[in-house]
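Read through the structure below, which is laid out as structure tokens, and then see the notes.
Chain lettering (A, B, C, D, E and F) follows the sequence in which the chains are written, and residue indices restart at 1 in each chain.
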Amino acid sequence: MRHDGRTADRGRDVTIETDYLLHPEGSVLISVGNTKVICTASIEERVPPFLRGSGQGWVTAEYSMLPRATGQRTHRESSRGKVGGRTMEIQRLIGRAMRAVVDLEALGERTVWIDCDVIQADGGTRTASITGAFVAMSMAVAKLVSEKELKKFPIRDYLAAVSVGKTEEGMLILDLDYVEDSAAAVDMNIVMTGAGEFVELQGTGEEATFTRQEMNALVELAEVGIQRLIEIQQDALGSIHEQIKQKESDEA
Amino acid sequence: MRHDGRTADRGRDVTIETDYLLHPEGSVLISVGNTKVICTASIEERVPPFLRGSGQGWVTAEYSMLPRATGQRTHRESSRGKVGGRTMEIQRLIGRAMRAVVDLEALGERTVWIDCDVIQADGGTRTASITGAFVAMSMAVAKLVSEKELKKFPIRDYLAAVSVGKTEEGMLILDLDYVEDSAAAVDMNIVMTGAGEFVELQGTGEEATFTRQEMNALVELAEVGIQRLIEIQQDALGSIHEQIKQKESDEA
Amino acid sequence: MRHDGRTADRGRDVTIETDYLLHPEGSVLISVGNTKVICTASIEERVPPFLRGSGQGWVTAEYSMLPRATGQRTHRESSRGKVGGRTMEIQRLIGRAMRAVVDLEALGERTVWIDCDVIQADGGTRTASITGAFVAMSMAVAKLVSEKELKKFPIRDYLAAVSVGKTEEGMLILDLDYVEDSAAAVDMNIVMTGAGEFVELQGTGEEATFTRQEMNALVELAEVGIQRLIEIQQDALGSIHEQIKQKESDEA
Amino acid sequence: MRHDGRTADRGRDVTIETDYLLHPEGSVLISVGNTKVICTASIEERVPPFLRGSGQGWVTAEYSMLPRATGQRTHRESSRGKVGGRTMEIQRLIGRAMRAVVDLEALGERTVWIDCDVIQADGGTRTASITGAFVAMSMAVAKLVSEKELKKFPIRDYLAAVSVGKTEEGMLILDLDYVEDSAAAVDMNIVMTGAGEFVELQGTGEEATFTRQEMNALVELAEVGIQRLIEIQQDALGSIHEQIKQKESDEA
Amino acid sequence: MRHDGRTADRGRDVTIETDYLLHPEGSVLISVGNTKVICTASIEERVPPFLRGSGQGWVTAEYSMLPRATGQRTHRESSRGKVGGRTMEIQRLIGRAMRAVVDLEALGERTVWIDCDVIQADGGTRTASITGAFVAMSMAVAKLVSEKELKKFPIRDYLAAVSVGKTEEGMLILDLDYVEDSAAAVDMNIVMTGAGEFVELQGTGEEATFTRQEMNALVELAEVGIQRLIEIQQDALGSIHEQIKQKESDEA
Amino acid sequence: MRHDGRTADRGRDVTIETDYLLHPEGSVLISVGNTKVICTASIEERVPPFLRGSGQGWVTAEYSMLPRATGQRTHRESSRGKVGGRTMEIQRLIGRAMRAVVDLEALGERTVWIDCDVIQADGGTRTASITGAFVAMSMAVAKLVSEKELKKFPIRDYLAAVSVGKTEEGMLILDLDYVEDSAAAVDMNIVMTGAGEFVELQGTGEEATFTRQEMNALVELAEVGIQRLIEIQQDALGSIHEQIKQKESDEA
């Protein structure tokens, strides 16, 4: 039994509130237990220098935490004058994950900027960010289609992320909260598509190691968790669901 | 008649949602029309170097906007590696304003960190930040009292802020939204106490000037607006209201 | 009686030495009591990106203090690698103030750079900077006219600034020096035009507040002080005075 | 057949030249094909603030590439004034990996600084860095033992890293060089111990995805590659090998 | 004949105005032709970390130019967020030069901060800075003696600097102004003591070279120039001259 | 007798290993005793803004030390976020020295980037960098000629550098190692051409001074040292030697 009463294979409650903000082309507030992240998607009608003239689009992400998203106040990266390694790692991961399901040529020469701002943190902020960002991005891109800026919907499949881990006692668990994450011996973040394929798999022993058998068991826990998240994304996306399915079958 | 149907002396709808976040000692979400700011107050049990050993406390503030708080995405100050002049100006103003109503000796050698994060901007973000921050700070400080960390409540009076301005056509108006602010000839931000005294008055002609008569009329508009904000603060603060009143009469 | 023998409504001795430096298009050394600021105006034949192609010009300002302008040596902002909040606030104020009296369309697509470098500080450096910068800017712009780069003189009116304040004992005084400024309960900086209109009004209670009546009395003190400064500017500007008057009557 | 004639499961030639530099406590030049990295380990007799007084040691790493390690000259991070996201990601990975096999309590309150400087890059610089850094660290720590600074050798097991990947044509290959890495659909970096347990597993689809079956096949390729690297490390370490084996059996 | 009518071995007019500023312990305005530098010396009662507890003092220097010291406005190093290579080179030179004539043990554990701020530049700003800084430093240190903070005057000898150079036509000249400096084939800066010994000699061919014979002729020109500067320093220092002579004979 | 048995006028053993790295257009590993520097030359087909359209090329240099090039680990300049004064001074010196022997017009509108990375430091890193960089640059430029990118070889003469110094005991010595350099009273770095002319001469008293006679004796020591270095460069350059000689006689 876990400290909050969950079984090993049970994720936390998840809600995705769409159109959370007025200005962005796509925006959600995703809650995974007490973790809350505002994810927005903004369309910019140009691409980074290395893509100019290529006809291809780009997706990039930035991630941040409010100073009091955490139990102890953390210093703002703007005040310190630089972005830390953890933040860089996370925002590179979010961008890379999104690009895996976007047909960048179909997107055309424009950039989707993903912003994930954690307003409350209780473990799993990077996976919640990816799961929420996918919905925000889908909404922003669907808007381009409905406004005839894009002829075809360019997103190929669903994409969600979850963490799994091994406790110090050796229990394998799904969707770690902060208390569990701080004490975990192994921590693994997995990003998968609706088709059940991997986009990213990052397993880390925290001054510890893990066996191949444990790796396989962790992956299985994650698969269950991600399927449930994708159902919640479907509900949140409403009619956009059809567009994703259509793109998927076009590709196949 | 104003573009949103308000009369010249009418402020926008204001709500203050208290205990908005789980971790901070005090937190609110303040909405002033479409402007939404998360204000938190954090207690740190030490003071900046220049106050060490003085027995006196400190209040300081940081302010930021999410990239898509605005119609066009703005770059993060953390990514650019420095805090801009506008941000510095605002956070210095918020800190200074708070300190005007706090008995820093009664606070003891601790710092109240105010964080104002604008999640949606539609004009008046600095005045909404001050109005919300006062509530968050009062809650954090009341918690110190209820936990016996502080013997006496150290806040002397209410504090709220509003903007007033002169349109290009010469109309004087209360509580400008973004559309009005962008076009205003004169912009004035006023911070006042519950007793109706000024803490800060910043009037600026935007490539324009204003007369003494106009200044007086603007100040009168602001007084009305601020009284209404203080009533909303009272409702939000509930039983803490009595503590402020007690401190006020102790001081008198 | 004040510590240096001045009456409450008496400003310090002011001198403005024009053509102080060899290279700038306009330059002065302004002394206000022991406060000494070198103000220069430089013409650059281009504008910031947001104005390109608009036919309109710009005025911007930078402000700095030599390390030993002050009683204790202060660290250079260049060595610390960033410009502090106080500096940013002041240089934004100087630029905004200048723009209020310049017809930016008549200036054409060029930028006037104002540099204010405090070589000796004894209170009132920002107001001395504004008063001196106006003279330097007028000289630089007059040079453009005399060299036929500009057809019409684009400055509409005089502009000067002064500080007023309330002492801890409640006395209202004009033109605070460092000793008075450090101890003041209320500090107000006022920028006005030759026509007696406000360009900027910034009143701040330093852990204190002020009433409407006090505000009015402070403004009256400032009006007297500014009229005197404008007379000194007129003397310094010599024949350029006629050009300002001509522009003023053209506008009227 | 691969572009350089290797079979899918064949790693490149590896050499580890020990005591490569005069000053560091441990140093190697590791060559993996044309990839060459100088790895040094330095002992500092203090720990970061969060460990002071804990009796526990620390291992941390920094990584850099010479500007012409690459085909095109890259800008120095020192000249640009900040460390990029890729560099941060890699140096965090190296440090975390090392810590997984070090008994930090047995190390005592001292820090091992790992520096990995790539002098020539041809793919796999991060895995070569880990493999080389392990040898440099072991030598530096063995020196502490031989100088009686440490009573017991604190490293529990061997540690090495390799990359595996999937080509665009779907072939799974071991130890990608630059040409292969640039074109790969899936890229996976794996860090393992001598006992064959995982320390880190990072698989990334580059605008592509991978199945569970592919993941398993990639992991198997990596296991083969890492065993060979550990044999080369053993040869390089000479008599230190006994100390690692002793620590391993003490722990078991 | 030179462009300003000087003969090859003639330096420009030099004036040194002492006690130029109110606050610093020592300050001068030095003018060398049209080059004008404010040099100040500040005493700080502590030393950098590497000297703490050594009983020895330190002298360090900072150098800067006002944006319009030059014909074209240069960007402020504070706004650009970093100090350029030329500035660093010059301030390191000034500090090193000063230390060559100060008995750092006799100075005791305190730092002399030298600040050289060029308000007008016309060639030779680094040599004017050294010549002026020596006077400011001597005054600051003499003040320590007269206030009984120091028992013995710690400066051993005079110190001054001058530039010499070779024109494109091969003429060897003393004390180059900006026009000459810009066109010079060889530029040499020489710092010497009152006793005629070298402290620093920096000769540079600007896309050109120089022979041993030319080097010797340049050094002879410099010797003449420096003797004249030291006489001007003596006049400026007045009674402090005796203290330097006394220290000199004590040392001998 | 010196601490390592050398006579006063004897330089350390020097080797220059050419084509040390795979990717750069020119690269060497130069060893001067225990000092080892990787010098590379990279060709970039554009010039800095101030030369665009001039038809003229440019040579610029960057210098760095690995953290454990030294006895104590030094912090990376990339991690500290800025390049220090010593580094700037050295890289400016290297670039300037190279330009003195390159016919920049004959080079055409391209930049030669010199990178000097010290992997092991034992005194004289800047002079070893210059001596090695000359060889790397010559190789890169010869490659442009052999690939018909350049019609004529643009390097006019050999260029090498050495340090000389005065010990505390007054002995004048050639090519100081770290132990000697740390204790030297006078330190002089000299850059000369094959024709025996000076390009740069930097003599510094370290809290000490030197006479004209000592200066002359030091220069003579340097001349001997440099001649020997140029012979070693000739051997390293092989057939490129003829190209330099040809250019030299063309110029004459």
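Quick note on the criterion: a residue touches a chain if its C-beta (ideal position, glycine included) is under 8 Å from a C-beta of that chain, and two chains touch if they have at least 3 such contacts.
Heads up on the chains, UniProt names are A, B, C, D, E, F = Ribonuclease PH.
Every value quoted in this text rests on a predicted model; they were computed, and no experiment measured them.
Peer 1: Where the contacts of subunit B and subunit F overlap, which chains show up?
Peer 2: none
Peer 1: Count how many hops through touching chains it takes, at the least, to reach subunit E starting from subunit A.
Peer 2: Minimal hop count between subunit A and subunit E: 3.
Peer 1: Of the pairs B-C, D-F or C-E, which one shares over half of its contact pairs with A-D?
Peer 2: Comparing residue numbers across B-C, D-F or C-E, the repeat of A-D turns out to be B-C.
Peer 1: Return the distance between the CA-based centres of subunit E and subunit F, expressed in whole Å.
Peer 2: Between these chains, centre-to-centre, one finds 29 Å.
Peer 1: What is the distance, in whole Å, between the centres of subunit B and subunit D, each centre taken as the mean of its C-alpha atoms?
Peer 2: The separation of the two C-alpha centroids amounts to 52 Å.
Peer 1: Report the inter-chain centroid distance for subunit A and subunit B in whole angstrom, where each centroid is the mean of the CA atoms.
Peer 2: Taking the average C-alpha coordinate of subunit A and of subunit B, the gap between them is 34 Å.
Peer 1: So which bits of subunit C are touching at least two other chains?
Peer 2: Those would be 81-82.
Peer 1: Please trace the ring of touching chains beginning with subunit B, moving first to subunit C, and write out the chain order.
Peer 2: Moving around the ring in the direction of subunit C from subunit B, the order is B, C, E, F, D, A.
Peer 1: Can you tell me which positions in subunit C touch subunit E when the two form their complex?
Peer 2: Interface residues on the subunit C side: 21-24, 27, 34, 38, 40, 42, 44, 62, 64, 66-71, 73, 76-79, 81-83, 87, 113, 115, 117, 119-120, 122.
Peer 1: Please output the residues of subunit A touching subunit D within their complex, sorted ascending.
Peer 2: Residues of subunit A touching subunit D: 82, 84-86, 88-89, 91-92, 96, 99-100, 104, 188, 193, 195, 197-212, 215-216, 219.
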